[in-house]
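Both complexes shown next keep subunit A, but they swap its partner, so subunit B is in the first and subunit C is in the second.
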Partner chain A sequence: MNIFAYEIKSSLKSALIWAIALVAVLAALMLGAYPSYSDAKDQILSLLSNYPPEFLAAFGMKSNTLFSYGGFYSFAFAYLGLMGAIMASSVSISVFSREKRFKCTDFLLTKPVSRPFVFFAKFFAVLLVILAVSAVYIAAGIIFYKSAADDSVTLQRYFIALTGFFFNQLFFVGLGVFYATFAKKVRSVSAAANAIGFAAFITSALAALLEDAKLEYLAPPKYFEPLTVIETGSFDTGLVAAAALIFVLCVGLSFYRYCKSDTVAV
Partner chain B sequence: MLRRELKTGRRAFLLWTFGLFFIVVAGLTKFTGFAGNTEVLKIFDDFPKIVLAVFGMVGVDVSTLPGFYAILAFYSIICAVIYGISLGANAVNRESIDKTYEFIFTKPRSRFYVINIKLLGGIIYLTAFCLLNLLFSFAATALQGIENTISEQMVLFSVAMWLISFLFFMLCVFLSALINKPEKGAQAANAVFLLSFLIGMAYDILENAAFLRYFAPLKYFSYGEVLSGTLNTKFIIICLVASFIFYTAASLIFSKKDLLD
Partner chain C sequence: MSFVIETKDLTKYYGKSRGIIDVNLEVGEGEIFGFIGPNGAGKSTTIRTLLGLIYKSSGSAKVFGLDCEKDKVRILEDVGYLPSEVFYYEKMRAIDLLKYSAGFYKKDCSAKIRELSEALELDLNKKIEEMSLGNKKKVGIVQGLLHSPSLIILDEPTSGLDPLMQKTFFSLIEEERKRGATVLFSSHILGEVQRICDRVAIIKEGRIIKTQKISELRENSYKKVSVITQGAAPAEINLPGVSAYQAGDNHLSFMYKGDINALVSAIGGYSLSNIDITDPSLEEIFLHYYEV
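Right, the complex of A and B next:
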């Protein structure tokens, strides 16, 4: 319990800052920017009405979806998912590499607790932090939905789309734990977290740019793409399965490694 | 000593180069050259910025090679900036984090000399990274058999990449020197980058937000300007001057800094 409480305590301040930043960006986009976006809709549609429908199709513009509240959230999620990914990686790397960074692994392991216990204490601490931040995010998302949404997307679907934020974070916890337990040295938590987050952002942007469905399997933020939920009511099964598999593998291998690895005494 | 610095950074450099290779080469080989219809694209000029941003069309037509390359270049630049930040953090803080600084600073060399050698190592890697970006771009287009009509612009994008990542490199060096706890410096620099990235997004979606551009180095050299063959002189100067100020301040602080944790 001590380890759990300690890890929660040390993540508290950054989690609070992240929660505020996430809600601020969500508000700026969904409350601030969305109204002007939806105002532009009529103007665009009248411009486009001079063109044949094949034209729209050629540009991949499903104007109905894209101009809706859900479509705009999908755009916003590219950025919010990136922030969530960086946050989740940084919390998990920070927690799991703490003893490595301060060169005190041997100290922790002299305590009368088993290694699996330490691992799970840390893991559940990270989980709780992520869960709390995601809950704030989802609550904020619903409040903003009530005040600004059009009727193009039902609350139920929008809610599922919002939970994608949590699952996305959960996935990055898996990657972060994996990195922290397998890296020989963790010099900077923020550098690693930023690199992981932006790498994922770039691959998912590339997947969208190249319109390559296979590339989406390499692009974590696409696993829980809001647009899929808004259009079909659920996430893409294949992508979710891939995410779950990678997550279980990462955490499982990390657990094994954490319990078995030799510890360097300093 | 420089040789040692370069040796410690080799593995990270290879990893980052691999990432860059993925973006540039995988990206360009995927480019099939959709038939660009410039006439149709004119109507986009009338669209509000926010709509274009959502559609992912900020000032370029991705169906042509220049536009497509511009988007790839944007991602490569993000890559370079994050790499630059980690190089900057390592130059200043690696010895403190590894707890070897007591050893290096007993050598008969001034602090100023030591930090400059370390910065030089970082700059060499960063420059090599930008040159490789150029090399990959040329190689990928050649391999693909795409007629390379934009070699001049590719050079400009690499220069822009260097300027922006160098700015963040120096910013991180400055923050790392300024802030006493080793990890906090890098954290601050990474936070600044994320913030400037989000400001860049705001700049893209807001109509009257020209002033935001000063806070978003990623937007200093816009696609349109680079593709028409110029880099914005004002922003080149801002990059260089700001980098120089960060460098001077960092050197001064580092020479006097208390290195105890």
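Right, the complex of A and C next:
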């Protein structure tokens, strides 16, 4: 409980800032940008026609879906998901590399707690933080849906699409834990989290650009893409399975390493 | 006799590199046991194995009769540890770190925190990142002793402490011993170990080469003698126990093992400007005494 509470307390401020930023961007896009977009459909379509289709695909702009509420959310998710990914990576790297960064692993591991206990205390603290932020995000998403959505997507499907934000974050928690546990040194949490987030964003853009379905398995933001839910009612089973497998592998290997490796003397 | 610490053929390799080899230690209850050796000899490796921070390659290590790996949590409930270099969460205030540390033990440690920090003149409201090395060390001492552990493991504890604080620290350790605590005291400074320990194990290149009582160590130990004479220094001193004799124009130095009164009589025959009789460094002891 001691470690769990400490990690929650240490992550609280940044989680609050992230939650506010996410809701603000969600509001700006779904309450501010979307109505303007749909009102100016013809002008925007003519503007977009000047760009190569590959470019538009890479940035998630599909002209056939962009002007529906669900389709626009799917476009917005490319950026909101990136923010969520950076946040989740940042929180998990911060929590799991805390002793490494402050060179105080000896302090924590000479307390009467087992290493599995420490690992799970940290893991559940990260989980609670992203769960809370995702809950705020989903609640805001529903509120905005009720005030601005058209009838292109049902609330039920939209809700499932919104939950993708949490699962996307959960996936990046796995990557963050893996990085923090296996990296010899973690100099900057934000640099590492940004690198993970943007690398994922680039692979996702590449997958869209090349329109290669196999590449989507290497593009984390595609695993919980809202458009699939909005069109079919559920996430792509294959991609969800890939995400689950990578997550379990990352967390499992990190757990093994955390519990079984020698701690390095300072 | 039951031992608080007992290792049998304890061996640790880091890949192919030697850590410790066949280390056999027996530390009795209430003892202050010195563990001495030069840097890289294996002191910290032994300690880190006892604390479950690293995993042994072979042999066994027990604390309170419990296995250091399987029963780590139960052991650590009653162990206090002060590492040679202290690092904590920099953003925390000392008091918050100590409260966090105390939260791991099933007892109220607030009175002990207050008592120790007063003795060490530690400002508990300062952030760790704003503290000098010496003050961080004081935080380390308090966090190692705040739960009144039965076993205190000190790994080169005095580095960073000024002489006055070292004195306070040694009296705190004496107090802990009077309370019934056992102390494992690792150092590369012979004088420190001689000052407070009952017995000492000497480790070199990963192996224990000698375990003896401090009184025996004192009897057998060398002194380093440096003399400045008023006239020409003698080419030799006819005194049993003298070794590594070196003489210049008006100065001489040598290692001496034997009756100190005989030494004083022998040197007293010359007209002197200055004389230093000191404990040799550990390296010099290894060169002249423990050369194995």
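In the analysis below, the second predicted complex is superposed on the first by the 240 of 266 C-alpha atoms of A that agree within 3 Å, B and C clash if a C-alpha of one lies under 4 Å from a C-alpha of the other, contacts with A are read in each partner's own complex, and residues count from 1 in each chain.
Note that a contact is a pair of C-beta atoms (placed from the backbone, for glycine too) under 8 Å apart; a residue touches a chain by one contact, two chains touch by 3 or more.
Treat the numbers as computed from the prediction; the structure is a model and nothing was measured.
Asker: For A:F159, using the defined touch cut-off, is the partner it touches subunit B, subunit C, both, or neither? Pick first, second, both or neither.
Answerer: A:F159 contacts neither subunit B nor subunit C.
Asker: For A:I44, select first, second, both or neither according to whether it touches subunit B, subunit C, the two together, or no partner.
Answerer: first
Asker: Please work out whether A:T110 is in contact with subunit B alone, subunit C alone, both, or neither, and reply first, second, both or neither.
Answerer: A:T110 contacts subunit C only, not subunit B.
Asker: When the two structures are overlaid on chain A, which partner does A:F120 contact: first (subunit B), second (subunit C), both, or neither?
Answerer: A:F120 contacts neither subunit B nor subunit C.
Asker: Check whether A:F102 is in contact with subunit B, with subunit C, with both or with neither, and answer first, second, both or neither.
Answerer: Only subunit C; A:F102 stays clear of subunit B.
Asker: Spot which of subunit B and subunit C makes contact with more residues of subunit A, would you?
Answerer: Subunit A has more residues touched by B than by the other partner.
Asker: Look at A:F4 in the shared chain and tell me whether it touches subunit B only, subunit C only, both, or neither; answer first, second, both or neither.
Answerer: Touch status of A:F4: no partner.
Asker: Touch check for A:T263: first (subunit B), second (subunit C), both, or neither?
Answerer: After superposition on chain A, A:T263 lies in contact with subunit C alone.
Asker: For subunit A, give the residues common to its interface with subunit B and its interface with subunit C.
Answerer: Touching subunit B and subunit C on subunit A: residues 103.
Asker: Note which residues of subunit C are touching subunit A in the complex, please.
Answerer: 14, 44, 48, 51-55, 72-77, 79, 81, 83, 85, 87-90, 100-101, 103-105, 143
Asker: Residues of subunit B touching subunit A in their complex?
Answerer: Contacts found on subunit B: 19, 23, 26-27, 30, 40, 43, 46-48, 50-51, 53-56, 62, 68, 71, 75, 78-79, 82, 85-86, 89-90, 93-94, 97-99, 183, 186-187, 190-191, 193-194, 198, 201-202, 205-206.
Asker: Considering only the defined contacts, which subunit A positions touch subunit B in the complex?
Answerer: Counting only subunit A, the residues touching subunit B are 25, 28, 33, 36-37, 40, 43-44, 47-48, 51, 55, 59, 61, 66, 71-72, 75, 79, 83, 86, 101, 103, 185, 187-191, 193-195, 198-199, 201-202, 205-206, 208-210, 212.
Asker: Under the definition above, what is the set of subunit A residues touching subunit C in their complex?
Answerer: 2, 6, 98, 102-107, 109-114, 260, 262-263, 265-266
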